[in-house]
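In what comes next, chain A is part of two complexes: it sits with chain B in the first one and with chain C in the second one.
Moving on to the complex of A and B:
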């Protein structure tokens, strides 16, 4: 088989992390202590190197404006944007993992390999409108994540979380597959873009509706929207902090980018009963996510669980963007996701950077830490205010853009609900700030602590995240018009 | 070259110089706190001097900066700052109060004073930006930017209940501004711009119900900031828990942004809705005047008393605005300045007292006058101005407001004026009663006596803070035209479409 350069460049972004993922386990051979130290460093280096290589490759494609495709794999601007998003998240997670795994005393090779496989799956997931390829991507991204949740397998909770995630995830995946099969049966094609032209002829066939609903369920599970959110808090709590951050950001991002790609084409843009029903379902999901996510987050005493519920509520805001359903709203979602990447990786990274491994992730464990590490505390404040959507941070503009389109489309009451939800969220994000700066450290535990390992890499990532949140907030038009807008508009035009 | 740049970018300089200075202070380590304080004070003083010199030279009319900034979701946002008659004196009040407050609270904060000074300067950026911004999105950004430094000032240096008070402050203010944001988005979407003039045009065409709802969303955000009864409950908590520096600027400038917002944005964008809702606003303002005064009378804590007197005084400002007459609005403009200076000064004085005695309970004092004669002199002058004694600033503002309300076309306008004038009387009662109990009489020698700690009268630094304030109090009382001449025309233009005879006048102009 002869591959044209165009075809090769279309799958290059998949090959680089994939190859790294295959290489990494080879390095994880047990050796004596002294060599192992070097091998570990080499593994992290390989992973970072692969991510960076891929990053530069994709940015060069973006710069050239090339949009190669290979069969169903369409590596267009939207896919490139999503890939860059995923790669940055993964790189931050790898940097944090180095510190985190050392804190936990559990540095093994497979973690990085699994992470890279998951990255490969996510890139695949975002770069096709063919339902079968999407399913492949979905499985390739999910299965490593199940295992990653149980990384710290000496803990009972980690295993429990992994199994829970696996079982629920498998159900969601099979629903996705069933939906794809039903749609294939009705339309005779697997390509969502082609389906778009066939669907109107089929009208409001109930089988169609079931197919779409099942497909949607698969996506919403990955986004962790209510009512498919039950796994989220347990899994986030069980997984290592960087992996939780990676799951919350990259998985959500990949699923939403894929939705942006196939939904306008195949599902939302159809007139008639289908559109109304899908939109009604999305409104219901978004409203439930906002209410449940925010109210439950208020009652948490554990920062990781709070962040898990907050990630459910952020899924709600993002789905509101789908409800609005215009290309401007999708641009807003892309923008929102990028700022979410910065603020959420910053929030999870903070736990690692402060040396809070294991289950020491309550608000009490954060007490007074802000004054000990003022630069981290400052970055954390930025991330928290951004999560709460207070200007002038990136999180504000993301919400702004989505609410703006909602209002323009006539969903004023949804926008009001959205702002009220973010008002509630201020209360629990501020608790982190209060714990960091306003409370005295607990005297009893301070003495018994092991001397903290200085998590310099993780601290660096937190600072970078804080800076990013601020930069997005100060120059929002750069991200929105130079990147998000081109990604969404050029790709959606292609599909039309 | 620098002067040329200054002339064209003065407003940007004023807005962002404090921010830059604040960021520099933020980076200074803890042990350099004295240097940080000095740097912060001198910087703020420089900003004041520059603003004063430039404003007076050019009469305040020629400052506009208008650049396209960015386009967000198809709506252009302009970087549009303007200095005009409506905000001229408020801007000067801000730049004046900032160095004064820093000087007045020089030694009040024992811990991390450098950080507090830095936050305070950032707060100045937010306030100046909000006062000068003409683009509503820019205004919104600065409006929210004021929130964070104030939150941290209360949360980090506040009293016992600081966590509760700071969270309440944050949630209240955000609740108003977030709903307002939705209204803003709706309006901007229809108008395709954030410029108030275009919004006003677009809003004209809306059905009355929609206009009313949008006006209410605007009014809610501003009324919470003022704060108007019954949305005032965050204020006493915030004032009582905040450090002196926070209280002064909160009373001095932050509250004014609420009334300023009404005048600058809500009124011109929704003239019809304003006419419709002027009556309820006036009723709430009158309730605030009387209720604030009555509650102030019952307070045991001097600072809380001053906080409730703020509610009452800001009620006067709202009443003046709601009268929709030129004289009432002019009175409101003047009263904003009066309140900023008198109440700011009262909080400063209470802070000086607290620094010495470590208590603010009226019952712990008695006979302060014999211990601290200079302090008592200043306190009395400021008290009298707060009451509104003729010759001091308070009198003119309140008189104009009552005059405007009495002659306004509001139904029940005369009743409002009469009831509100009771508030003036009550003001004298609670202030003088407090002075009588705390300052006169025999020295308190009880167990918790605060008077016993008052071994030192005001030092030269504190006198230096109070002298300019006293000068201003009499200046404004004797020659208020200095402060109101500039706003006369803009206010008249603003209110022209709201007068009952407006349609005929407009028709004449058109002919």
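Moving on to the complex of A and C:
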């Protein structure tokens, strides 16, 4: 098969991380557990180099706009925006992994290889409206994540989390697949954009309804929205901190960008049976996620479990954007996801940067840490304020854009619920800040506090995240109008 | 008998596929052995395969559907590899594949 340069440029963003993922296991071939330091450095360098190369390639494509499609893979601005989002998350995760894996004493190249495969899957997941490609992307992103959760295989909690994620995730993927197959059977096409034009003619077929419901279930599982959230706290607690951050940010982002791509065409603009029902289901899911996520997060004593429940509640805010369903709301979601990237990678990175490996992730382990590392403490304050939605941080503007569209579309009560939910969330985010600065370290741990390894790379990423949160908060229009708006509007025009 | 099976109507195949899917889902939800739950997942994936091939044949041997089927087989194999590896690694620690005993994370 001969590929034209156009076709190559359409799939290049998939090839670069994919090639790195295949290359990394070669560097990781190793008989004993103690890999030489220069080999370890080389593995991390390969991963970072591939991510940076792909990043610069995609940013250069951004100026040219949509690429000619390669079969069902369409690398337009929405896909480019999503790819940049995923690559930045992955790069931050790789930098934090260097420190985290050294803290755990388990530095293996497979971890990086799996991460790169997952990145490839996410990019594929965001760049097509064909259900077959979506399924392949979904599996390529989730199968490595099952293994990544159990990557520290010497401790059994990690493996337990991996098995739990595998069982629930595989069921969700099977449901997604069954939904895709039923929709294919009813419409005779696998392309969601073409499907949208055929669906109104079929009327109210129950098989259609089952198909759409199963398809949506697959997406909502990846977003970790209630009632498909039970895996989230266990898996985030079991996985290494950087991987938990990567899962919460990039998986959620990939699933939502894919939903933005196929949702308006295939699910929303439907006359008859589907119109009200999909929206009603999404409202229910969003309300449940907001209430349950926020209230359960209040009762947690472990920071990672708290962040897991907070990620469930953030899924609720983001789904409210889908409920509003206007292009302004989708722009708000893109904006919100980027600020979520900065604040959540900062929050998970903080744990690594403070040297809290293993299961030492309670609030008590954070006590007084803010005074020991004031610059990290300050960045953590910014991230926590942003997660809680306090102005002038990025998280505030993201919520503001989504709530404004909700009010404009007449869902005032939902917007009020969202504001109340973020008021509740202030309590548990501030608890981290209080633990960092206002509480004295417990006597026992202060005495035995061994001089821990200075996690310089992870600290760097936390500082970068804090800076990003502030920059997004101070110059919100730059991100929303220059990037998110162009990404959303261009790809929505393609579907019309 | 064979010809009757091959000439079966689309509805019959879809019914069988949905039935297999529900049995698989019930297996995952009800059974407590990780390996049996794992079989349930495979059943769910293959239920989708049955439906897909029935639809593809109904549409006059649609190539899209047939190719999708091959992809699903490959994906199911990958999933099996990773899933079994996780179950085996957990077994080495706990010496059981009972999923009720996997409760260390829920304190």
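Note that in this section the second predicted complex is superposed on the first by the 490 of 496 C-alpha atoms of A that agree within 3 Å, B and C clash if a C-alpha of one lies under 4 Å from a C-alpha of the other, contacts with A are read in each partner's own complex, and residues count from 1 in each chain.
The rule is short, and it goes like this: contacts are C-beta pairs under 8 Å (C-beta built on N, C-alpha and C of every residue); 3 or more make two chains touch, one makes a residue touch a chain.
Note that the structure is predicted; figures quoted are calculated from it, not measured.
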| item | value |
| --- | --- |
| Which superposed partner A:331 touches (first chain B, second chain C, both, neither) | first |
| Which of chain B and chain C A:407 touches, first, second, both or neither | first |
| A:238 touches, of chain B and chain C: first, second, both or neither? | second |
| Contacts of A:157 with chain B and chain C, given as first, second, both or neither | second |
| Which superposed partner A:477 touches (first chain B, second chain C, both, neither) | first |
| Partner chain in contact with A:202 - chain B first, chain C second, else both or neither | neither |
| Interfacial residue positions of chain A with respect to chain B in the complex | 328, 331-332, 385, 390-392, 396-397, 400-401, 403-405, 407-408, 412, 415-416, 419-420, 422-423, 426-427, 430, 434, 437-438, 476-477, 480-481 |
| Touching residues on chain B, where the partner in the complex is chain A | 69-75, 140-141, 144-145, 147-148, 155-156, 162-163, 167, 170-171, 174-175, 178-179, 181-182, 185-186, 188-189 |
| Interfacial residue positions of chain A with respect to chain C in the complex | 132, 135-136, 139, 143, 146-147, 150, 153, 156-157, 159-164, 166-167, 170-171, 173-175, 177-178, 180-182, 184-185, 188-190, 207, 233-234, 237-238 |
| Chain C residues within the chain A interface of the complex | 14, 21, 24-25, 28, 34, 37-38, 41, 44-45, 47-48, 51-52, 54-55, 58-59, 62, 64-65, 67-68, 71-72, 75, 78-79, 82-83, 85-87, 89-90, 93-94, 99, 102, 104-106 |
